[in-house]
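Going in written order, the chains are labelled A, B, C and D, and every chain counts its residues from 1.
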């Protein structure tokens, strides 16, 4: 997590202040439930909410205590007792540190998910707007980096929209995976604490009770969460890569917005580099790289070991902060993307009609020529275009084997762009529910 | 995919025979739809189903053709034409190779998912059976590999059950991700083929039409699929690791079934090694390692490049075959696991009552001793047990500061195992819906 | 390891036949040493070499025995005894299975390394040949996919050469890592076997004795080996990506060789797709993905567990066979690469002189204009080229602020391509030792 | 990089202050070379060293400029000019930003490597000291977590020593990989700068000139560097895992040092958890996870793209800071490790002589019994020990088939521990060069 690739709202979820506040709330909600069950005095729970709720926790003081006790939750409870006074002995009754730590982590990841969902919504809105704007902007579709057949720029963006809509759904699932609460004591048996305390705390925090925890919430949940972020990051890389390709000097069909004061290079003032999308490509590698450590966290020893902790201290903030930044950056890129429809057309015509070869092939087949022969007829004319710069339509019109089976008019019709875009509305309807 | 770690049913999904059969079905279903739309003669579609359906495709012959054409689908179609005759010219009309390849891959992954779901069901059944069998088999819970508090062996298995039930649900989602069909032509615009053909083929194959494909089905779907397999593999590793720990010489609370003829080691005949679960640990690493290449497959260039293909030719079979084998092996291990309840009890008593310290601590606090003082009282007696081999209960009964606040009877009650297992039914009800 | 991406020589290293032959040689060499030390009769060692050396081991028979004993080395020894007769009791004295398995794996990896080194040598030869052929073929250098300044195609290949020369050196190190021999008995203490046996076997097999093994050769060696293959694979991806870019329709500065019979697409006969380099991109992902499982193999439990075995059964063959295939394929691509120098020049001139902006900037600075002012002068003319299609040199010649500080002749000199290639010989001398 | 797992010296390598200081030195050294070549006035170079050397760079001011120019090196140069005055126009002549950025990164990684090498040296010293201390401390060797044959605790540590000595050598190679300097201008052609400038700067900074750079130093170097850190991290995990196993309640052969004030758990005061080595296990996952993004950085587009930058901004500091912390922590763990030789002996005797079965097996074979028969004889007695708690030696002495071929005295001799440790000196000599 480095400032350059961070946004404040997501960063604040991972601050010490937020963490201690959540810890307090977990403890205080638990006290409410314990009081309700008659385990501790109701008055104590009230005092704890009152004095603890009004307290400003001092991270440095807590660190100081932790340096002696080497235990962060004990350090926090000791500090909390400084505010609450004698009633503090009723706090954390029958609980274990992980009850606090793991439930807090769930709250933080759930909140992070909510921000990420909002990020995706913003990206989807931008993609939809630009997709409709360019629904009919014809551009060449490319397979293997080679011209294939025409499509529209709107369809490219519709594809991205559908992809991020899937990401949204995945993230909803991922959020549900980690939004659980464990208040189950030393090895998860509820020996020292009633399961109803967990149910109460879960409800208050918007979580579900973990069906069976073993001091810790099982880490397969978190593995699934971070793996999902890795997939989303990979989708970001796909769209970023598309834009990088379109901005290449020889292609120049679209360009990241270039603000007036911006300098592309200290040496070559004419350069406008797709630095935002290149940056997104790198950020995607980072987020993706965190999926494997998260999966390695799953096989903890017996009821738990603490090896997952250092991993999560890093990837918890890093993955969510980086992905939040990346999604927002990508949204900005899409919103302001400069599109060059004229260049799209110019590029499409680079090979003088060759992109229509598939239609000609089909026409020949339908005219009764065998598939193999049709292929050879198309290929011999195509090669003249490719190698000698000829015009494909003219070559075909001059090929008597072709003319023997297909009329000039029919041939010309095969070079109509509208043919390729006739189902764009269908695609848009499938993706957006409207066209 | 190596024979040692493969099962025939899953392997057969990935055979050349299966692949060509699915290819044929995709083409033939497409012909039906094309005939229905009047694009090709209905009679031709019938002939194709008839002659193609009766054909036995010759993988070697297809390879031979491919060596010349360097294109697998063309090689197949050429071979298919040898069976179908002149009507073969109506096959593959307006389609592109990827329509066949990608839809076939979807069918294979969906079938593989079905086997894996059945594998998980078998594992769940085994876990449930053994969990109920050992619902009340008391054993020590361990955090950090160190004795913590009692739990039951059934709870351990219930945890695994809940984990694999989540895996099941994840796999259902993952299956839905990849169960789509694309018959959309060169760059996915349906220029040469009516979208209704895709809808027909999808329905016949039990797939959903891909809302927007770009010659290929977008690879974020497959990334999510393989990432999910990686998470499931990690869960396998967790349970395997648990058993490996339990089978350690010093622990020996459970053991993989050891068949009469089996030799554990060429040198040490007494050894019974947890080789199955160690093997599962390795297999988990393999499956997990395939998630990252699958994610790297997402950012294909423009409408498609073919870099994903070699990756999928390997991880498609390897990940599913390995995971199928691993799940089945794990099921066998669980079903036949030899459990030693006596050793569980003996281990639990190793430190003469120390595991009850938490309860004593709580009792002191509830008797009005401050948290800090309670902690010190428990700690000073615990250290005598740890360092001098004393009995914890006896030490406490002899500690006059302790006795000043808590009666002998109350102290003894703190050493009752039933205290720890009183909520096992609750946990079982949460996990299994019954107890 | 799938046939499509495999070459027979590398595949044969991993065959059952090769493995059993190496096992036999390890056992027989050990017998020689044991005989020399007087532990077993010299005559027995002779018999073992004679009868075992003449034997043809039957993999199916060994599998059959293994199915009963569930132990592969015992199965082999049982089969070997069928050839050797009573003297077979002197085989494997004081050894443990891993002595055979691990040393065999070392031999296989060392042989695989030798093939890979030869592959790299062939690639280096191809790169050098083409680099010198195109030493002076001017082409535009691109940063961020955007035209920067001229370089030569030879320099691009020289860079690749230097990169693979580093790979060669890395592989030499990696080979040394894994070329060790362990014949040290049950937990590596040589309790039952003299260390001189290990020294003898090591020498005969071209390996070094493992300084301290613990039944197994430590897996950090293999992790380093497979991580190195991952880096080499990534270098393959870099060069493959360069070619994919150069073959793009809009760029077309180089092209994979396209054989006469080859069909690029079933639908678009004009297409020549960079399918070989796209394939290499995918293969790189596969090999890279095997580095992490290899690293996860390092922390075996205590003296050893067998979790590494299943991982290595797969990645041993897969990583080496795939990398061997990829290196050979890349060598073929480079050898036959079709280069289009005319297109390189045409692309370079796309922006009418803009690529010389850096030289103009420098000239202005040297003429006494401040860096900031120079930048602004260059930028305002460059933007006219970019936005209005003007010619950069003509614009500069017409800018009176520019002419005030720099002569026309001096300006024209800044547009000389030779300026950019004057140090190519220096670079070649650094890379190849000659120019 | 989080404070909890960071040490100040390594952190300071990655501070803004350090970075700007290195940037300045690169620029100033380049000015010296340019002055020597007569490109800029010698007096200017002197002024630059004088005024720039005395300057305190203001990171906030530089950030402020960067926010306008969106270019970090230009921002720095602008700030530097505020100190240097008019002569600042001679700075950065013919250079490109990457010349500064990449060379600086090399300096930082080289310095980080030096700290890591020192860390490894400290770890090696600790391992050697403890290895000699426990050279003869007999302990059971375990394969598969199951008792195998005796070894010594010193041999375990010697193994770790040999492993980290290999890590040291790997790191020396990795350091050499990244210790290169590039001052080669826009696309690495030296068009605007003499190669002798690069040679001068390289020499002054203790680097080697990059044979052929392309604006950037090729990223295969960095991939190899971070992959090496991943392997070292995995070795840390191996030793950490060993200690975690030894500290298990049932094993307790060694223990992390437990300081008097430390609390192991808020709930169970008797617990002493191996939290340091568990933490190291997690840190290893993190460092290992950074190898793949580093490999993905290799295939930059053409002469360069900037996608590597965001990855390196994170993993550069994170991997080195985390590994530095982990090595230091591991050294502390080893130095203070509490070893329990009595427990080692007690554990070894758990199965009443069974660990000597291999010797008995060998003795039988040498006495002329066939391998198969010997195996059966040993096995039938071993099973009585395993299943009925008998004593292995006594059982053998009572087995008349055994006694028929081997004397009582000879049998007893097979149970001598000294037999297993007789080659420990050999192993130590191999590893440490002394015993």
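Following the convention adopted for this analysis, a contact is a pair of C-beta atoms (placed from the backbone, for glycine too) under 8 Å apart; a residue touches a chain by one contact, two chains touch by 3 or more.
The chain list, named the UniProt way, goes like this: A, B, C, D = Adenylosuccinate lyase.
Owing to the predicted nature of the structure, the values given are computational and were not obtained by experimental measurement.
Trainee: Go through the assembly and pull out the chains touching chain A as well as chain D.
Mentor: For chain A paired with chain D, the chains in contact with each are B, C, in label order.
Trainee: Quick check: more C-beta contact pairs in A-B or B-C?
Mentor: A-B
Trainee: Whole-Å distance, chain B centre to chain C centre, using C-alpha means?
Mentor: Computed from C-alpha means, the inter-chain centre distance equals 33 Å.
Trainee: How many angstrom lie between the CA centroids of chain A and chain B, rounded to a whole number?
Mentor: 24
Trainee: At least two partner chains per residue is the criterion; list those residues in chain C.
Mentor: 77, 142-145, 148-149, 185-186, 192, 244-245, 263, 265, 267-268, 273, 275, 278, 281, 288, 292, 296, 301, 305-306, 358
Trainee: So in the complex, the part of chain D that touches chain A is made up of which residues?
Mentor: Going through chain D, the ones touching chain A are 2, 4-5, 68-71, 73-74, 77, 92, 96-97, 185-186, 192, 244, 259, 261-263, 265-268, 273, 275, 278-279, 281-283, 285-286, 288-290, 292-293, 296-297, 301, 305-311, 313-315, 318.
Trainee: Within the complex, which stretch of chain D touches chain B?
Mentor: 140, 142-149, 244-245, 247-251, 263, 265, 267-275, 278, 292, 296, 347, 350-351, 354-355, 357-358, 361, 375, 378-379, 382-383, 385-386
Trainee: Spell out the part of chain D that touches chain C in their complex, as residue ranges.
Mentor: Interface residues on chain D, with respect to chain C: 77, 81, 88-89, 93-94, 141-145, 148-151, 155-156, 158-159, 162-163, 166-167, 170, 173, 177, 185-192, 195, 209, 211-212, 214-215, 218, 220-221, 223-224, 227-228, 230-231, 233-235, 237-238, 240-242, 245, 281, 284, 288, 291-292, 295-296, 298-306, 358-359, 362, 365, 370-371, 419-424, 426-427, 430-431.
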